[in-house]
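First the structure, which I've put down as structure tokens, then a few questions once you've had a look.
Chain IDs A, B, C, D, E and F follow the sequence of writing; residue 1 opens each chain.
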Amino acid sequence: MSTQRIQKRVSDSAAIMSEIVLPNDGNGLGNLMGGRLLHWMDICASISSRRHAGMVCVTAGIDSVDFASPIREGEIVILNSHINRAFRTSMEVEINVWAEETKTGRRRQCNKAFFTFVAIADDQKPVLIPELIPESKAEKLRFKDAGVRRDFRLVLSGRISSVDAPHIQKYLETRRQSES
Amino acid sequence: MSTQRIQKRVSDSAAIMSEIVLPNDGNGLGNLMGGRLLHWMDICASISSRRHAGMVCVTAGIDSVDFASPIREGEIVILNSHINRAFRTSMEVEINVWAEETKTGRRRQCNKAFFTFVAIADDQKPVLIPELIPESKAEKLRFKDAGVRRDFRLVLSGRISSVDAPHIQKYLETRRQSES
Amino acid sequence: MSTQRIQKRVSDSAAIMSEIVLPNDGNGLGNLMGGRLLHWMDICASISSRRHAGMVCVTAGIDSVDFASPIREGEIVILNSHINRAFRTSMEVEINVWAEETKTGRRRQCNKAFFTFVAIADDQKPVLIPELIPESKAEKLRFKDAGVRRDFRLVLSGRISSVDAPHIQKYLETRRQSES
Amino acid sequence: MSTQRIQKRVSDSAAIMSEIVLPNDGNGLGNLMGGRLLHWMDICASISSRRHAGMVCVTAGIDSVDFASPIREGEIVILNSHINRAFRTSMEVEINVWAEETKTGRRRQCNKAFFTFVAIADDQKPVLIPELIPESKAEKLRFKDAGVRRDFRLVLSGRISSVDAPHIQKYLETRRQSES
Amino acid sequence: MSTQRIQKRVSDSAAIMSEIVLPNDGNGLGNLMGGRLLHWMDICASISSRRHAGMVCVTAGIDSVDFASPIREGEIVILNSHINRAFRTSMEVEINVWAEETKTGRRRQCNKAFFTFVAIADDQKPVLIPELIPESKAEKLRFKDAGVRRDFRLVLSGRISSVDAPHIQKYLETRRQSES
Amino acid sequence: MSTQRIQKRVSDSAAIMSEIVLPNDGNGLGNLMGGRLLHWMDICASISSRRHAGMVCVTAGIDSVDFASPIREGEIVILNSHINRAFRTSMEVEINVWAEETKTGRRRQCNKAFFTFVAIADDQKPVLIPELIPESKAEKLRFKDAGVRRDFRLVLSGRISSVDAPHIQKYLETRRQSES
């Protein structure tokens, strides 16, 4: 029963990373390569997943990511991550990325992404992870959204029909309206 | 006019990379870290985008990625990429990833992903890229799918309404049926 | 006049880094190499110094460091840093280091160190930096201690006589008593 | 009894390293980062400690280090190290660092530092190491100074009182005079 | 008997690698360092040797290599390799290297090299490898040449006399004529 | 006139490097990869060539290399290099490599190789380098051998006929006899 599962809070899995963009991280035009940033995001998310699960976890999937704002060589990159929702053996990790200009200290958000991690034992089999108890209003909203995104992934991968997930269509509409 | 644009074929942008998974690429359980693989995928896709555009391009976004099959330390990783469709300044790159076991030579597909790249000039502004002319039946299908995925991204990012993109719903259905 | 200098708070320079100890960071016995940790500490302190000075700064010196507790491969390392005191062109940065065991989440402090950074312009000449205004009681104590440590460094490097710095002897005594 | 310990000479532990400063070693202003240099110093000192102890040793501490002269990208860095004194399970390693300008071949000393290493067995417990027998006048002086520095570290860490180490005060005075 | 050995084709061992030349790969003049390229060539050849032998192999030797055409930072490097001939426990791997200019897509061959690999078991002892069956005319020519080069290596290393290898002298002559 | 050229001694270009074999340097069987060692050899030789030429030089070619003795992870690798002979714009660098076992300190020679470097200016054109004046008997012998090896390379690359280089055949014979 899930009531027997250990319970953890969102703050238990919060992780912070900082990096300075070095010449080898660049794409030849003075911008950070997208793949290098994804690598850092995966390490940050991996730390959050370890903190929630109490064991090493593996990346099972990532949602689509936009690279809206290019990051320049020499800039400081700050990554924050935490668990949004724990399922049975998998969990959704949210990662936010900022770039910081040294001269002004001005930070601009460059990415927001959702990675899915699975806790696996030494025999490579999935393991039941602690439950996540959202507390604040924002945490509860992210908890709910994580469930929608999960159904969305299941529809996209063909494991459930979008007929069985009518909220997906609603989600797409809502998202469009709130952002327009 | 687009008819004045240079025209290129899919094969012009084909790129192949091979890597051996080293200890530092692992996650502590002997598996390749997801972020490390994404980094390699971005480099491979970046080479395809350069070959199509004739200039350095930047990662603008990636579609969702599943890490179905773990890759083990010491295994050989093979990455293939090519352009599926060129828009005005952006293009969709498809990357396929296989892991190869040394003893048997057996290869298993581990990932398929779609990255979007944009050609930018030294002043960081987008540049018109050559047109992609699909030739084979498979290339034409991928060309068409790339258009659907693009609309899908625009719906997801709220830039167009899903009402204006009825084929999205149809796409989700079709995908579910073909995979079930 | 110093009253014309920009004033900053300790929190303005706070930096946090997280790292996972990889095989190549080890010493062959499964422990993190001291030099690798010093490298990370320097990067973290460098970020704090940039945040205070608003420009790239260089490491001018480090105080003695003890490596009390070995850090194991696979453990998460967390580094925190902030400015303790700004002099005219140099500043003292304090770095604290913890290791975190994945299974229990237990953290143990492994290091505390003091690095001195200098702000330099493109012509490699030192530049006047903002003033640091300590606010809390703890910040004021660290501010004062940073001054003692600076005199101590000047005595050690022979730039002033310990006769001219009687508080050095007192400092050594006090430190011994508070720790015994 | 210590008379039964293996005896080694200073030259038995001499180590030499050379490095070229690459773009990723820099701080964004074209100078070698302090932390990167400390990493190299630790590897060089680690080789000396292995040669004396006949086993892998770990960094237990480093004395304060000044970064007097900046090292430029593209310059050659030369590191020399040797044991100054062996205690029971720990030893002091001295490291000297020079930078060499390619055009003129001119070398300038950039650092002198003292690292303490401890020999540890596979069970992570300290192990008795060979005795160091200083031979030349310079070696004997460094042997003596290493003892003073050790007492100094013990006073600084509060493990002995400076009252019990009157030579510390004398050392500080002497050092000041000899350098003025 | 060799007839009992597994038989493989040249295409079974074909390997392709692509790399982008990064700042840290350069020599300070904007050209790829020779040693960095050799490192990549060894990895590519290593993959070919694994594919032929079905196990990890080690580099036993390399023939002389000319670096005729410098490769520039930012260029794409393409490496191709395959087995030319399998002996009992060793095999000759041929590696060809091209550099590709991004703007024009123009490729120029920069290197051709021959590496010798040996298949070794976990106990570090050589292991009998599959036979290579050359099929095309070009493959048969390379197969024959590989035998000449092997005798040449044996003469150079003093293991056989050049008197016992008269074709060596002939080979040198032939090579000179075909290239003049 | 060459009499106007700066003259340097062999010792002016002597370079020493030390490295510890890390997990990522290995081939999956616990041995150092050949390509990684070649990379280090190239860096060491590059330092010698800079010291002789007073400028950055590029690798123009390497002679055949045997990897007689495998080097194990965790071992210390020592590289020594110096110029054997300077031609007009190119020079031959000899590199010797030893592996050192930590427990016993026992060193075994693992490689001896000859690299050719060329001094090039910022415009990528070759530059006249200082003359090398061999002093000891050993240096004079290596100076002479370097000339033979150069002719040998010219014959191999088809730039001169072996008929015009009768000493090549003699060299092969001599080498065979001295090593048998």
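Methods note: a contact is a pair of C-beta atoms (placed from the backbone, for glycine too) under 8 Å apart; a residue touches a chain by one contact, two chains touch by 3 or more.
Everything numeric in this text was worked out from a predicted model, so none of it was measured.
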Fill in the blank from the handout: Contacts shared by chain C with chain E include exactly A, B, D, F
Completion exercise
Note: chains that touch chain B and chain F both are C, E
Handout entry: Copies chain F and chain E - interface residue numbers shared by over half, same or different
Key = same
Practice task
Would you mind reporting the rotation angle for the C-alpha fit of chain B onto chain E, rounded to the nearest 5 degrees?
Solution key: 180
Practice task
Look at interface D-F and say which pair in E-F, B-E or B-F is its repeat, using the rule that over half of the contact pairs are identical by residue number.
Solution key: B-E
Practice task
Select the chain at the greatest separation from chain E, using centres from the mean of Cα atoms.
Solution key: C
Fill in the blank from the handout: Cα centre of chain D to Cα centre of chain E, whole Å, reads 44
Practice task
Please work out the Cα centroid separation of chain A and chain F, and write it as a whole number of Å.
Solution key: 51
Problem - Residues of chain B engaged with two or more neighbouring chains - result: 20, 23-24, 28, 43, 46, 56, 74
Exercise for the section: Give the pairs of chains that touch; include all such pairs. Expected result: A-B, A-C, A-D, A-E, B-C, B-E, B-F, C-D, C-F, D-E, D-F, E-F
Problem - Interfacial residue positions of chain B with respect to chain F in the complex - result: 20, 22-24, 74
Fill in the blank from the handout: Within the complex, chain A is touched by chain C residues 12, 15-18, 20, 43-44, 46-47, 50-51, 54-56, 74, 76, 102-105
Fill in the blank from the handout: In the complex, the residues of chain C that touch chain F are 23-24, 26, 28
Exercise for the section: Spell out the part of chain C that touches chain D in their complex, as residue ranges. Expected result: 27-29, 31, 33-36, 38-43, 46, 56, 58-67, 70, 115, 120, 122, 124, 153, 155-158, 160-162, 168-169, 172-173, 175-180
